[in-house]
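I am attaching a structure below and will ask some questions about it afterwards.
For clarity, chains are labelled A, B, C and D in written order, and residue numbers in each chain start from 1.
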Amino acid sequence: MTRNVQVSELDRRAVEDQQVEIVERKGIGHPDSICDGIAESVSRALSQLYLDRVGKVLHYNTDETQLAAGRAAPAYGGGEVIEPIYILIVGRATKSYERDGETIELPVDSTALAAAREYLQEQIPELEYGTDVVVDIQLGEGSGDLQDVFGEEEVQVPMANDTSYGVGHAPLTETETIVHEIERGINGEYAAENPEVGPDVKVMGKREGDSIDVTVAVAMVDKYIESLEAYKAAVKEVQAYAESVAREHTDREVSVEVNTADDYDAGSVYLTVTGTSAEQGDDGSVGRGNRANGLITPNRPMSMEATSGKNPVNHIGKIYNLLSTVTAEDVVAEVDGIRDLQLRLLSQIGRPIDQPHVADAQVVTADGVDVADIEDEVSEIVDENLANVTEITREAIEGDISTF
Amino acid sequence: MTRNVQVSELDRRAVEDQQVEIVERKGIGHPDSICDGIAESVSRALSQLYLDRVGKVLHYNTDETQLAAGRAAPAYGGGEVIEPIYILIVGRATKSYERDGETIELPVDSTALAAAREYLQEQIPELEYGTDVVVDIQLGEGSGDLQDVFGEEEVQVPMANDTSYGVGHAPLTETETIVHEIERGINGEYAAENPEVGPDVKVMGKREGDSIDVTVAVAMVDKYIESLEAYKAAVKEVQAYAESVAREHTDREVSVEVNTADDYDAGSVYLTVTGTSAEQGDDGSVGRGNRANGLITPNRPMSMEATSGKNPVNHIGKIYNLLSTVTAEDVVAEVDGIRDLQLRLLSQIGRPIDQPHVADAQVVTADGVDVADIEDEVSEIVDENLANVTEITREAIEGDISTF
Amino acid sequence: MTRNVQVSELDRRAVEDQQVEIVERKGIGHPDSICDGIAESVSRALSQLYLDRVGKVLHYNTDETQLAAGRAAPAYGGGEVIEPIYILIVGRATKSYERDGETIELPVDSTALAAAREYLQEQIPELEYGTDVVVDIQLGEGSGDLQDVFGEEEVQVPMANDTSYGVGHAPLTETETIVHEIERGINGEYAAENPEVGPDVKVMGKREGDSIDVTVAVAMVDKYIESLEAYKAAVKEVQAYAESVAREHTDREVSVEVNTADDYDAGSVYLTVTGTSAEQGDDGSVGRGNRANGLITPNRPMSMEATSGKNPVNHIGKIYNLLSTVTAEDVVAEVDGIRDLQLRLLSQIGRPIDQPHVADAQVVTADGVDVADIEDEVSEIVDENLANVTEITREAIEGDISTF
Amino acid sequence: MTRNVQVSELDRRAVEDQQVEIVERKGIGHPDSICDGIAESVSRALSQLYLDRVGKVLHYNTDETQLAAGRAAPAYGGGEVIEPIYILIVGRATKSYERDGETIELPVDSTALAAAREYLQEQIPELEYGTDVVVDIQLGEGSGDLQDVFGEEEVQVPMANDTSYGVGHAPLTETETIVHEIERGINGEYAAENPEVGPDVKVMGKREGDSIDVTVAVAMVDKYIESLEAYKAAVKEVQAYAESVAREHTDREVSVEVNTADDYDAGSVYLTVTGTSAEQGDDGSVGRGNRANGLITPNRPMSMEATSGKNPVNHIGKIYNLLSTVTAEDVVAEVDGIRDLQLRLLSQIGRPIDQPHVADAQVVTADGVDVADIEDEVSEIVDENLANVTEITREAIEGDISTF
């Protein structure tokens, strides 16, 4: 059956060419991202548990982690957490499975808690498990609908049971790239050398015409900062690093500011014990931060659907958000002449998810390129990715694709 | 000081004129909306408490309610809830206040719980408090920064302490209007006459060209439905009602489907004890559903910021989302010749919030109208609404403005 | 089969004749008693639910309610609760039952919560449900052993599956009677006329020789007390009432003191919003207060086993504590010449519970009476009550017998 | 001031000479003991925290830990926990302290959680923290009464603010000794060599005349037990060990049975993943198990007061229970001719706790010894221990004395 792939001209300027652009990324240590990360870790662990124990992914949905902030007393040279952060993992999961008259009990709670613990220890290492953070769990039984679609033996494409929507974009604009890369860089190569930067890095980019303002907020870890002077130096160094990252991606005028809410005279700075604002006052939950492409982009259509924590086998919202993002990137990587591509996927209830109601690729072409010139190429790639939709499921289970 | 209000042409077609349009509204009984509604009720109650007790709104933020679904056994003629829905109100609030050397203890927990209880009893009346639903609370102490800006004696405009963004649109497209009005109608005049429809009404609209498909999901309340036949009749009646609402707002071709996931042969229908899917398997949280204008509109720029539950005195994200929406509506109501208006407000750290960094009104004008013709009119209304920004705070506190 | 009932002389003086005697009773509004009361209400409700739905009592055990105190700001004329009391019902219950190939879902959570709510509203009426107190529940699945012994059709005597111990005493001494009756009186006829006395009434009796000191602590309800003067008057009135109750039961010298921790000069008095110290600082849990006879009596052997909340069909500890108490009372009511009776029941694993390993009645006889004179009578009553052991189960389910 | 120490003859036979004696000890891994142990660890840690930070012990009370059982799937060779045990630490603690105009924030929650974690890891090592067991905390603010009595500079004896009661006994009877030593031995030297025995060891002793029956229940750890045969062997070995311990302490006839509820034919044995029945179905809480001397002894007067978790500086119930126990032991160690000693301490409101209302030592003397002969000696030791009452506080804080 032929898929309904439409390719048309996007009726607006490329975001790169718009006058005002706003972009945000909440880093991995931001309270909302912590929840996204835990939810997705739990999801991966449950998928793996089901595959290991019963050979196929059973029904679950764990896209509802809630974080209630703790209380901390940071201090130069090292402070302490006073009241722990409280994290509640919420969701549904299949807890037992009948096979050949035997009931297999599935340790979903323990598995989910282990996944959350491991995730936190890896990503927010300063957060001591059990004292700085308490993780609790409330997983209800799912509806009992077993889901056999993603198993060892056969991989079937599931049916859409909801009208759902996904949207992806490519390529990233300079501002988007800068915002994304600054966070990734600070939390990556930079943090590796500079342990004083905590994982709660929030980057906001604003472009007006050819002037890009980047605001970075970095939770500094107090035990690596001996004094206000050391703090100021650390901020300056982050500023220089972020600016250098930005310059790699644009020739526009760029200004970077770090921890702008600090008031040195009042002694009020962004110092934390654990490297995340969740230790004091900032709550978080799943689906409130970055979209599937890692960014918040008000200049672009976005899906409200939370991607993290959902079952990657049959939750269309998750699959279409990931698939449209990946596919948009694939198209732009392979087809020349595209300044901006927006790919929307809309499911049709009762049809296999590789057969969306609409797969709608809208493009802003480069000067001299006509949509008609590239229509077939684009269409083909979209079609191919739809045909391989279960590949997205596999990547999500194996953690090869990021959801936030 | 002159405000920086820009009026320019929107570089795209009006959404009404785009080829594909998708719109969604989660009704008041949807798990996400329940959380939004509780969060906003709690916010209003706390604002009022602070005004009553200390004459001004103190620091708080309650935008993080989490709902974990219960378990229910619906049955024709009346089933029962088996395990209660669990709702956890999360946030920060100032719990005591020093005045004239005296400490005033503020009952924030009790006030929040009372607000949540009242809200639930009013909006989801079939949900018996304490057995069908358990509401718990975890409000930390706020950071202690007292906020004096919205008090009895003087109303000052607060400073922006964050770079935040709000966006509003007007007028609603036909599809948006239809989706919105169907939910409001079913949960309003229709429910008043037809107690079998529960408040969990989800409406999805999809327009392709001039053909509008509306999908409505309504949680039926089992005690008013005696049999499958009665259920079918109830669905049909909702369908007819929704269709009639739709026809009031468009001349386009409209088709309405209700509870499409039902499978009559398998006896699987959307029957509930309490009128909300939260009773069985559907979790929810704040900020995952409708935006400030009551809709999810992937065709339009949206802010990810949760509006419900935030402090309306000093949370810029909330204020700008509400203000941009209201202002866009005001402009379109007063200025002729606008087919589509998108108003963006971007705060500037350290400046009063009535002085945004950018107030950016982009319009698609009607045929024969030029942006230059209406620029001044638009600019003036935006400027005036910014000048009266604290009015938004007042309306939010008094519940005169909806946040979801 | 003959039961092993032993009657012998108790090798000590009657408690009435001992030099020092200490007795305590925690009234129904004491935090520990609130937990006992809720646990037992929940137990009764679950027994009834099982009888109604499946015709027999299934496995459950709900003897672990925990209360975490709230925070309140009492004030003459009426104060308010600031933070709610938090009550967590903990236990195990059978949640579904297979019959004729059909699974019957049992609403154990909702039933337990309803029972707790009803109990609280009846016994601690000033405590507003949902704002002054939040009740949450965590009932695990039982071990799955179904218990068929107490059903509609047949009543079988269950087997003891544990070595357990119960002990009962009769008659009450004067001091015990006084302590018991003062609390019952204040929370009964006195409270009916004097709404200012809350249900948290704690009575401590100490007898040295022929001098009885009674200390009563009564949580006064602030909204019925307009001033310190009114408070003092209320205390005096309680004192007079308690003294009059005491005098009905003894000719010994009695002194009664009420709210001895008050410090009028410092303005520190026992004033509460809700009539229980659970509103501020006093936590509670099951099995930490009164024994099955309603008293704490360090002069007498006591079982540590919590009686409230346990399954009355098969939990031997509960049954033997209740049965030994009732039987001791029966014996003393029917047999003359007993100054003090102590009845111990010890189960034997694997034998029916009406066949204890030992039923050991020890008596202090009145002057001129010999144990041999009454041995047969005593033995017969004990034997008869053991034969009717399931009667205790029935009374516990129907709430005809108090457990604390 | 002279203390009111009374020495008199106990009006009953020594417990050793009574016809029937019942004794129980719940080992450290029993759910109730786990709660006792955590509560006392938390108490010690808080005392230490206060001493370290402000030089004196502030107000707190943490005697209310609740444990809700988990769910596990034990299996020969190693099973797994399915749902975690949930432990809620409840209590009050002073969270900040004003000194010289400065507020010292005290990390009571984190400190308590760290103490609980450390305790569990040490005592129940098979229980993996965070997955097999989730520990949460709910510590309210105390009443704000600061307690300065136990500090660095000065040690004052606090005033009794309640009528409270403690009772101690010595020496232990043979049965008591056996029950105590079997548990201590299994959880000590025996476990060191035999990792298959878990810490949940419950010992019940029943003596009738000169025949002692001991019932031991030991939670076996599945990963060290490969088969039913291995299990049977392990049980037999425990039986032999327990019997040998018993024989060291008596010449009476002793029979020991282990895991009597096992049914080998049905394959039903006491196998656990973690060595405690808390993993499946057995809830627990503080103060429901062993008294301060480590035993439950219905033949002896007992205080209902929970000892574990209470503030050792000013909680009379705790202090008097510990002091009476220690003092009874001291007396018997130093004074010859005592077969049974029962020491009761009763506080007097408003007097220093080293000045009890009554210190009442009742003795059963050995043949040929008269109470008058030893009265002065006994009195002197009691007086001296009362004079050094704060020594008990110190020992409790330093963990040199066991509370359960």
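Assume contacts are C-beta pairs under 8 Å (C-beta built on N, C-alpha and C of every residue); 3 or more make two chains touch, one makes a residue touch a chain.
Keep in mind that this is a model prediction, so the values were computed, not measured.
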Exercise. Which other chains touch subunit C while also touching subunit D?
Worked result: none
Exercise. Any idea if subunit B and subunit C meet via the same residues, over half in common, or different ones?
Worked result: same
Exercise. Between subunit B and subunit D, what is the separation of their C-alpha centroids in Å?
Worked result: 55
Seminar exercise, completed: Rounded to the nearest Å, the gap between Cα centres of subunit B and subunit C is 50
Seminar exercise, completed: In whole angstrom, the CA-centroid distance of subunit A from subunit B equals 24
Problem set entry | Junction residues of subunit A, two or more chains touched | 83, 86
Exercise. Based on which chains are in contact, what kind of graph results: line, ring, star, complete or other?
Worked result: ring
Exercise. For the complex, which residues does subunit B have touching subunit A?
Worked result: 8, 11-13, 18-20, 22, 24, 61, 63-64, 66, 68-71, 83, 86, 88, 90-92, 138, 140-143, 161-163, 165, 167, 204, 206, 208, 215, 260-261, 280-281, 283-289, 291, 296, 298-304, 306, 344, 346, 349, 357-358, 360
For this session: Can you check the complex and tell me which residues of subunit A touch subunit D?
Result: 73, 80-84, 86, 95, 105-110, 113-114, 117, 129-132, 134-137
